[in-house]
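Going by the order they are written in, the chains are A, B, C and D; count residues from 1 in each one.
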Amino acid sequence: MNLFDFSNGKEGYYGQYGGVFLPEILQATVNELLECFRQCKSDPTFWAEFVELMQNYSGRPTPITHMANLSAHLGGAQIYVKREDLNHTGSHKINNVIGQGLLCKRLGKSRVIAETGAGQHGFATATMAAKFGLDCTIYMGAVDVARQRPNVFWMENMGAQVVAVQDGQKTLKDAINEAMRDWVTNMADTHYVLGTACGPHPFPEMVSWFQSIVGQEARAQMLEQTGRLPDRIYACVGGGSNAMGIFQGFFDDDVELIGCEAGGHGAGSSLHAARLAYNDASVGIAQGFKTYFLQNDQGNMNETHSIAAGLDYIGINPILAYLWEQDKVRFLAATDDEVREALKLTMRTEGLIPALETTHAFAKAIEEAPSMGKDEIILINQSGRADKDIFTVAEALDDNKWKEFIKTKAAQYQQERQ
Amino acid sequence: MGLQSYIEQRKADKSLLVMAHVVCGYPSFEANMAELEIMAEAGVDLVELQFPFSEPSADGPLFVRANEMSLQNGTTVNDCFEFMAAVTARFPFKVLMMGYYNTVFKLGEEQFLRRLKAAGGVGYILPDLPIEEAGSLHALSAELGLEPIILMTPTNSDERLAQLAAAARGFVYVVARKGVTGSKTQMGDDVAALVARCRAHTDLPLGVGFGISDRSDMEYLRGHADMAIVGTAALRAWEQGGAEQLRQFFSDLVAA
Amino acid sequence: MNLFDFSNGKEGYYGQYGGVFLPEILQATVNELLECFRQCKSDPTFWAEFVELMQNYSGRPTPITHMANLSAHLGGAQIYVKREDLNHTGSHKINNVIGQGLLCKRLGKSRVIAETGAGQHGFATATMAAKFGLDCTIYMGAVDVARQRPNVFWMENMGAQVVAVQDGQKTLKDAINEAMRDWVTNMADTHYVLGTACGPHPFPEMVSWFQSIVGQEARAQMLEQTGRLPDRIYACVGGGSNAMGIFQGFFDDDVELIGCEAGGHGAGSSLHAARLAYNDASVGIAQGFKTYFLQNDQGNMNETHSIAAGLDYIGINPILAYLWEQDKVRFLAATDDEVREALKLTMRTEGLIPALETTHAFAKAIEEAPSMGKDEIILINQSGRADKDIFTVAEALDDNKWKEFIKTKAAQYQQERQ
Amino acid sequence: MGLQSYIEQRKADKSLLVMAHVVCGYPSFEANMAELEIMAEAGVDLVELQFPFSEPSADGPLFVRANEMSLQNGTTVNDCFEFMAAVTARFPFKVLMMGYYNTVFKLGEEQFLRRLKAAGGVGYILPDLPIEEAGSLHALSAELGLEPIILMTPTNSDERLAQLAAAARGFVYVVARKGVTGSKTQMGDDVAALVARCRAHTDLPLGVGFGISDRSDMEYLRGHADMAIVGTAALRAWEQGGAEQLRQFFSDLVAA
């Protein structure tokens, strides 16, 4: 299956999804990007440089870990986990970011911008910018800046400028809009490092390409470690980059692929971000591309909700929308409550702390594993770790000792000032 | 009469036409009507009525907020068309729909065009719909006698300008500079050169927009372009001083 | 150089340092441990299992990263960093902990205890215990519990019981005493997972052995990446485990080894934890072994201080004390101020966030690199990352936005309760 | 007269001797003296004077705190020796130094022993000094006629007990159970079996300690051991009710 062969159809389209819907002013920039990307993709030295940097800087290949305890506890399939959490900066986001950093150098641009919601992508981009000596501005919804101060702290300390976006819901999608506004102004020296496999072509393809390193490794590792391929692969889906990353290793195999979206308060609640697993989304065009969006009948985007900021997005990767339509990827949603329980179970049985985003994939694997055979194999993509995001987790688990600690700290800081 | 002829006709009496902009439903449709009244008084030639969208990524801060507030007020696409009908019935200037493609897409292209036509609009500006994606909409528009306004920008190559020219109808919207709407554009050689490049590719009238804010901009454009497109500056005047300041703004602007 | 050949001298001694100074009640337990350790050390399948687990669970081998920007900025030696921060749980501590976990299983014990100061070792031990299905109690000074709530939060969520120790200075050394008290009571089913290469024999040897994986990898990687060995290696020294870990790869080479201690407020201030770099320590016996301690003339331990809790310890690894005496390892101390500056520089130029402990090694490398030749090579052991310990870093850098954020959070939590 | 003979002599009149414990300088040396006065009245046979140490890892919570507070009060090794001299001059019971090896090491082994001797002490208990590390200290002690008290514990093998017995002088301190000082020990078959194992390896008198807290413990030990070693229980009595409660505690304890 070659999703990226556009010779028979429309460039940048996957079925009816994808495309480029951008202001004319960006036409040249996006073309330049596409051309550069095509060159990189057909130049084996580019990929080799990318892989080497990922190895030496980010610690790739990330391992596959067998969850012997969790599997035994559930009594069904054997669960394995691809450990993207072990990457430098703590998630798969760095794969894309380093790739785009290399590309940015080929483009001869000296500045990068990025949007961020949970902060993972902004953190990764600020890190890459420090490493590559690029100027860096990160757009982040004001609500997220307030929620995710730890990530802002690190970004600023790595030399990035973090701009709190005051428009709209003041969250991820608004940060994307604002990054676009910067880009249409500064495209001459600025590359926009989009954080997920969404947005206008070539971003979905490009981000998926950089993330494909995950699936490539995972396939070889599964064969080496278990002598066979997994029966099912679970990945959480915000924009879809980590899912595309791991799924790509297995498109030509007889492996069931499951995308796990943010079920929030559940189907019918409207407080969720499940574009495909629930029935609330419809096809539309926004933020530069065509896909399923959570929008009203006027074409205006809905407020979404998830316990995991990184899944809390209105749209979905157009490639996954297409694959879902073709029944090549199954979609499920995990509710906030399911995620809480899955996180606790995973920490306790395996000593892993998946990011709340990631835990959506764990939750669905945990739900389905018991009804599978003991000789069947599940692979989960652990897209990130949560140890950096303690506020998020402690609040998600409503931990009182944590809250008391914060009050004590606040009092201490208050006193210091006096 | 097509938009192009309308513009050419008006140009017979005026060295520089003016297109103004209103975000439907912000701060309210009543206020919109009052603004349009002032614009009509000032002799504005064309008006874009922006249909608010939740993700106005090509707009600057003032319009972003206007889109947002309008939606919070509950503005619907239906409201906008009804308003447009009232406006076209009342004023002499011609009216364009301005907005984002998702509004069109959700309604259905044909439905959108029929309603636009029914409301008296003569065309539309959809900044996030590149010509590559506009095939069916443009074809339908031609059938219905509606005109897609195409933007030409400083980053376009000659090759691209030629493609854009081929798709353009009515007039060409020349984007004076990079960026989003709202901040001031320094009128000067760059703008003149851009207009000249656009002129080399099309015989359509040229409207220049993005950052036109005062009489000196108008003076500069006279002779270079056919039309000045005024957006944010007018909204700012309204926000700062209501009807009075808006009236002042336009009378300063159009005073030859 | 085989430091661990005791056939000619006293078992467990390095020069005059080391030994076993424990209550008689532990004699059998320590002997059992020693015997089990000897078996493991002479059984190649044990090391192979250890290495495999470290690969599959913790992501080893950790890479070596070239700090091109930092090196250029300093204008001297080329600086390379061994990335122990990329380990699962974020530091080299996991090497030791997984090793002792495997050993604990061989001992047939079902419970582990550990002391922790900064929380890194407790975090790693709780993780290992979850993974190995062991009961787990972590002793932590009450002052540290209050300071390091994030780590306590994770430990508890991984099923460990965290005991706040109220004795003494309520910090690391008191936690060790309390863990000892647990051990003399529960040795039948309990293994004491000491966190650093200190304490009674065989701990210094055993912890050093598990950590030697760092030096083994690093030596091969340096040869592969640079074609030669480094000229100098810098490692921070709290108890000495990460330093021993990397140094062991190079004992037989012509490589200068530099241990970097906590200089706190500087020489002569008495507010530091530099046992060898400054002149304040003397030989003594405490916490089960003989080494240099920061103690008064009565043999009672001094209060120590460091910006980095993990270096804030009264004693030092007996092997390093011996090697220092033999002029085989040079010792320096980095002050709190030097550490702050080095951290900021490293984040900005390289996108790395070394733990405050680790940053002591960076600080001294940064100080010495400019006077070295451009063809010379420095290797720093990045023993850990700080992204998990934001309170520590934000407070160290006295970040006002952070403090305001905490006050806002506290107010929010307060309101929720009402 | 050596410690062994002293104990044997006292045992002629008593079925079970008592060794008591005081942490020097906690709560104060004056208080220590008052405690010892009460102990002497109660006919205590032997007293350990604990020299406070900053890392008392073999002690239970009460003694840990006592060590800590004493050091906070500024207690020095010198103070402890001076106090010991005063105690040995005043009371009939014999006195041992109890503490951690670092105190000895820092002073120097020989210097330590000379001062101990000069202060009238007859020996010492150093729970963190295993016999393997005690060679030089024990040799010097033999020269000076001072006696190292060796601990035998429930975890020791017979082989180990034999080694310990070879080093033991004066009496053997039988540790009744695992753990640190302070919590209650259930007297029963385990203790009896342990004492019997120790007895099989040595002819020295056997003192049993760790958790001895009341008359029933004493009753149980009578016939099994030569001496009961009382530590935490006495300190707890003092902390709870001062001189009066301590007097009560000892009179209850020793009432036959």
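Assume a residue touches a chain if its C-beta (ideal position, glycine included) is under 8 Å from a C-beta of that chain, and two chains touch if they have at least 3 such contacts.
None of the values given here were measured: they were computed from a predicted structure.
A.B. asks: Measuring centre to centre with C-alpha atoms, which chain is farthest from subunit C?
C.D. replies: The chain farthest from subunit C, judged by C-alpha centres, is B.
A.B. asks: Where the CA atoms of subunit B average out and where those of subunit D average out, how many Å apart are those spots?
C.D. replies: Using C-alpha averages as centres, the distance is 97 Å.
A.B. asks: Compute the distance, rounded to whole Å, between the mean C-alpha positions of subunit B and subunit C.
C.D. replies: The separation of the two C-alpha centroids amounts to 66 Å.
A.B. asks: Once you find the CA centre of subunit A and the CA centre of subunit B, what distance in Å lies between them?
C.D. replies: Spacing between the chain centres: roughly 37 Å.
A.B. asks: Which residues belonging to subunit C are in contact with no fewer than two other chains?
C.D. replies: Expected reply: no residues.
A.B. asks: Output every touching chain pair, sorted by label.
C.D. replies: Those chain pairs satisfying the definition are A-B, A-C, C-D.
A.B. asks: Would you mind writing out the residues of subunit C in touch with subunit A in their complex?
C.D. replies: Touch residues, subunit C against subunit A: 55-59, 62-66, 69, 83, 86-90, 126-131, 133, 146, 149-150, 152-154, 157-159, 225, 344, 347-351, 353, 387-388, 390-391, 394, 397, 399, 401-403, 405-411, 413-414, 416.
A.B. asks: Contact residues on subunit C for subunit D in the complex?
C.D. replies: 19-29, 167-168, 173, 176-177, 180-181, 184-188, 282-288, 295, 297-301
A.B. asks: Provide the residue numbers of subunit B that touch subunit A in the complex, in ascending order.
C.D. replies: My answer: residues 52-58, 60-61, 64-65, 68, 71, 76-77, 100-103, 105-107, 127-130, 132-133, 150-157, 160, 164, 175, 178-180.
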